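Going in written order, the chains are labelled A, B, C and D, and every chain counts its residues from 1.
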Amino acid sequence: MNCKIRLTVNGTARAVEIPTYRTLLDCLRYDLGLTGSKEGCGVGVCGACTVLLDGKMISSCIALAVSANGHEVTTVEGLAGDERLHPVQQAFIDAGGFQCGICTPGQVVSAKALLDAIPNPTDAEIREWMLGNLCRCTGYYKIIESIRAAAERSRA
Amino acid sequence: MTFTQERVIPVERERLWDFLMEVPKVASCVPGVEAVEAVDESAYRGSLRVQVGPIRLSLQGTVAVEEQDRASWRARMRAEANDRRVGGGIRARMSLTLAPGEGGTRLRVETDLAVLGRIGEFGQAVIKKKADALLEEFAHNLGSKLHQGG
Amino acid sequence: MAHRIIGKPIGRVDGIEKVSGAACYSGDVSVPGLIWGKALRSPLPHARIARIDVTRARALPGVLAVLTAKDLPRILVGRRMFDMPLLARDRVRFIGEKVAVVAAADPDVAEEATTLIDVEYEDLPAVIDPEAAIAAGSPVVHDNPGAYDGAPAERPHPNVQSVLRFKLGDVEAGFREAARTFEHTFRTQLAHQGYLEPHAGVVTIDEDGRVQVWASNKMPFRLKELLSHALQLPQEKIRVNLTPIGGDFGGKGSLMDLPLAYHLVRVTGRPVKMVMRYAEELMAGNPRHPSVITLRTGVSRDGTIVARSVRALFNSGAYAAFKPAPSVSLGGASMGAGVYRIPNLLIEAFCVYTNNIPCGHARSPGEPQMVFAEESHMDMIAGELSLDPAEFRRRNLLRDGDHLANGHHLEHVRASDTLEAALKASDYSQPKPGPWIGRGMAMTHRHIGVGFTNAVVRLETDGRVTLRIALPDTGTGAHLVLRQVVAEVLGVAVDDVAIDLATTDDFATDSGVGGSRVTHTGGRAAYHAAEKLKAQIQAEAAKLGVPAEALAEIARAAAREGRTLEVSHFYDAKAHGAVTSFTAQVAEVAVDPQTGQVTVRRFTTTHDVGTVINPIGHQGQIEGGLIQGLGFALMEEIKTEEGRISTLSLGDVKLPTIQDIPPLTTVILEDPVGPGPFNAKAIGEGSISAVAPAIANAVADACGARIRDLPISAEKVYFALKQKEGRR
Amino acid sequence: MNAFEYAAPRTLDEALAVLREHGDEARVIAGGTALVTMMRQRLLNPGHLVSLREISGLDRIDAANGDLRIGALVTHRNVETSPLVQEWIPVLAETFRRVASVRVRHMATVGGALAHADPNQDPPVTLIALGACVEIRGAGGGRALPVAEFFRDYYESALQPGEVVTSVVVPRLPAASGAAYVKFLPRTADDYATVAVAATVSLEPDGERCRSARIALGSVGVTPIRARAAERLLAGQLFGAELLRAAGEAVEAAVDPLSDHRGSAAYKREMAAVMVGRALTQAWDAARVSARGTR
């Protein structure tokens, strides 16, 4: 029971034929070769699979690819401009906002969405927005620092 | 997990006993049971449709009467059933005893239930509640059936 | 001495691929023709396999192979004790044990096929509880464990995997001296390491007939040895390719599914990927051992500890295969002595077979369990002696020249400085801000790991430097640390030092990552290699009559003569100077008397460390370990019902979130006496173990409820309070 | 996941037709958060999925003669951030804000949350306390049901095969009223509630005495429940510790919790009483403020 779907992924129109049961995450990773988004918990809790669907962050591991037909998807691969990292990505490097990096694609996608929605978030707003992105390495302190720094950088 | 359930069935002990020892008849009182057929004189094959939380199970399996002791009004049964689609099953050892009870016969069911595979993911508390609901309905059906002189 | 690069807060420039999504983890590896393997797992804790019928699974369109034990050689695998079959043969010993494996081009088809395999089981009596397991007449999990390769000789009961003992002095005599003795028993829970990358691996056989492996494994060379044994292939037929690892915390050192992936490759002729679902991680990973620990301590009139005996039961589950130590036990058991001078000591740790998930190593193996018990015990004794917990500790702290439980003689002991610094920074002696608020402390120490590592340093013709190593990146920032070491020695910038990640083909051996080892072993290997290269460069410079800073010119001159300026160093540390690293932590908690809920209001962590090479990475290790300790203390638990894991997702097993972390004060006592490069010590395992007892002691201080079993749930505190107040 | 047919009709009637055609084999999908998770766990293996996402008109929040009508496809995040909801029924926005994470709230829909009938969810609790009604469409036409009567058993609702939740209608609180939602999270901030309570309190003209109150609880049994006995105790009473204790005891008698990793039945029972006290205290305070405002 295959189906043809069209997605705009990181600004590029893509058409792909997939089984109806393909999750958006598996479609991105295995049908489109974008392995930046990861599967962690597989139940929408950990946030390693976070992507933006029409600009809103979702868990691609519990979204069906066919349900995204005709929509716009932004993944971690779509954040950086040519040659330049997104300010959020740079801030995670400078402040040590990651260690093993498996949750990092989801973290930076969520943080980017946060700063798009709230350019100058309070710590409370950071904690509420990032609640759904688990990190086992950092204990979150340096993730908060990274997002603060990114906000300052984009203000400057 | 082991649990004990008791219900009073408004019929005299002898009639209840005779009825309970005929598995196909008993099965007809268990909500969701379908197509029971004898494998041999003490074992039967059948299926049970039951909903546990969001999942509709179709359990295919067997029931075997392991002991019938009319002198002490005690019988032991063993049931095994699996659901292929969901991937899981149940193993149950049941001990039935009949005692006089106010207004009828007290049916006491002691169950040692093992829930296997994905069905178990809902936790024992939920399974136990479902088992209680099943026995409740079973006892009710049993009562009415025997009154129709089943 | 002032350094140019060592000690500077350099960001994680080693992680550009991680923030951009380009980093290729083992689960991301793609090779042409790749197919998927999925395992069928046992639904029963202990049973005989009467029959397996795979015909319906084989018949499913898209299925390329179905394997059961009879299709595989009779090999037992393990990291030290070899007691685990690749697939269950005749008998399953825990819920989640693999009984069959399927290959298909589509992972969902492979999974579907596993549901079409018919297995007939005959139940066997299962033993779930570790104390019951070593009682007379309990069901036996393995018929003859003594016969397994790597099995320790001592076996007081067939369900005992190993007995680990630490002895100082004469414990009976010690207790005879004691004015008072105290005994308490504690329990800790089953807990997953919590890495967010489930085990993943890709296996293929290349055109030269060599087995190529990409795996989330932190010890590539040990993996090659273990695979060589498991697959019955000579080591040179196997190459392990290094990938970044999505979190290790002790859990990523085993074969896991790799042998099965290989056999699927063998029968299908296609490359195979196997990735565990997180539910599989929770039912069949290799989590932290649950424990039952009893401590008995004899104290003299003046509050000096004169004797202690400790008995630890570690519930190891159905196999010993995941434990790497030669003892087939958990070294953390030695922490039964705490950070104290105990003249007469006996610690006995038993790893016990049960029909549960097999357990393995988790960040500072055995220590969070033992330190929770030991440091809670210390506060309970202090209470009985009406001594302030800090004062009771002061009277017994280790000092220079003392011996650890393992007999190790100590120098540069900074236990006291570390404790006092923690007390000061946490306002421990200040009045508490209100009712139902309490403070608690706990201490521990952690050794610096040993091992052996190769490093090759090469001067490129553009004047840049390449460091070639075969140490996987588990996320700790080790690669950056090594670049800093080389840059410091050679006087170049960190950005001018590149890591060239080797494979197992490129070196003879390497002890890999783990055990607070890498900064020491990798750092020293890189340091000595860089020193050698520096000497070469100076010689070349003198020959050419150019300044030694003219690196590009020097390299090109050598290149013109067909030479590369490249040196290697193999660093092998079997032991090191008698130093360790002390930790003291203070928790301030509030307890809600209506619900028992514990809120950590502030947390202070103090560390006695060597030279800090990268303050950002160093602090990151402290913070990460500390929050893992917080989760272990308050919320993390894999729950089981009769051997079946009833919490099979991260929706049920909860890890701390960004909203669950307390305000943190960190105090670093830098003391350059470590065996690492530039006298560094270790930090990765220093912050996790004392968190739970610090919180437990703070909860007792806040409300008088003493919780002896982890995690410290609101419910336990609530009912403890209720019992204490005799409330109905 | 197993193989299935996927249909995304543009009208509700088409969707109902597909559902009628496939009966038990078909499942409705909206946000998919719960459904896809269970399908991935192979707990559910439907042969047909019918998506409501392409149906227009189900994603609106409208004022409907003084009440709020919230379409089945409205996401949790939409409810949380809707100025209309925030102004008219702030406790509803607050309740949806407590669900999981922003990311999940972007996906999960109001209709999906109801149809899922998970007794541990947040929104049904507050919807029951507010006296909301769920609107249902089936082949036979439409019907409406109080949310309090919608949940039948563990993950089982009053929805018949072939029926779809189209919207939920939420009345505004009367004057001199207050409401509160209390979610007890003893583990992590992103967990399901160990016990959840929503309460509304409406005061007499004196601005102190309770005229009527509604209390609903989640995570205390196989369905969210309404604590009517406790409600009756409050009518005509003045606020006080003794009253809260009595209400708490009535609630303890009304709940039948399941023991799980979020707490034993015994603990949840006692926490239900504690949380009801907290919810009533907050609701009563809010009611007093509202009463002062109206006088």
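Convention: a residue touches a chain if its C-beta (ideal position, glycine included) is under 8 Å from a C-beta of that chain, and two chains touch if they have at least 3 such contacts.
Note that the coordinates shown come from a computational prediction; the quantities given were computed from them, not determined experimentally.
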item	value
Chain pair showing more contacts of the two, A-D and B-C	A-D
Rounded Å distance, chain A centre to chain D centre (Cα mean)	29
CA centroid of chain B to CA centroid of chain C, Å	48
Rounded Å distance, chain B centre to chain D centre (Cα mean)	36
Chain C and chain D, separation of their C-alpha mean positions in angstrom	43
Per-residue overlap in chain C, given as positions that touch at least 2 other chains	108, 115, 279, 646, 651, 655-657, 659
Overlap residues in chain B, where contacts from two or more other chains coincide	85, 87, 121, 123-124
Per-residue multi-chain contacts in chain A, two or more chains	19, 21, 42-43, 45, 128, 131, 133
Pairs of chains in contact (touch as defined earlier), listed by label	A-C, A-D, B-C, B-D, C-D
In the complex, chain D residues that touch chain B	2, 24, 38, 41-45, 116-117, 154-156, 222, 258-260, 265
For the chain D and chain A complex, residues of the former touching the latter	1-6, 8, 29, 32-33, 36-37, 39-40, 49, 51, 53, 77, 100-104, 106-107, 189-190
Chain D contact footprint on chain A (complex, rising order)	1, 3, 19-21, 23, 42-45, 47, 50, 53, 56-59, 61-64, 66-67, 69, 110, 128-129, 131-133
List of chain C residues in touch with chain A within their complex	11-13, 15-25, 27-28, 30, 106-108, 193-198, 244-249, 275, 277-279, 474-477, 616-617, 619-620, 623-628, 649-651, 655-659, 661, 664
Of all residues in chain A, those that touch chain C in their complex	19, 21, 26, 29-30, 33-43, 45-46, 48, 75-77, 79-80, 85, 89-90, 92-105, 108, 126-128, 130-131, 133-144
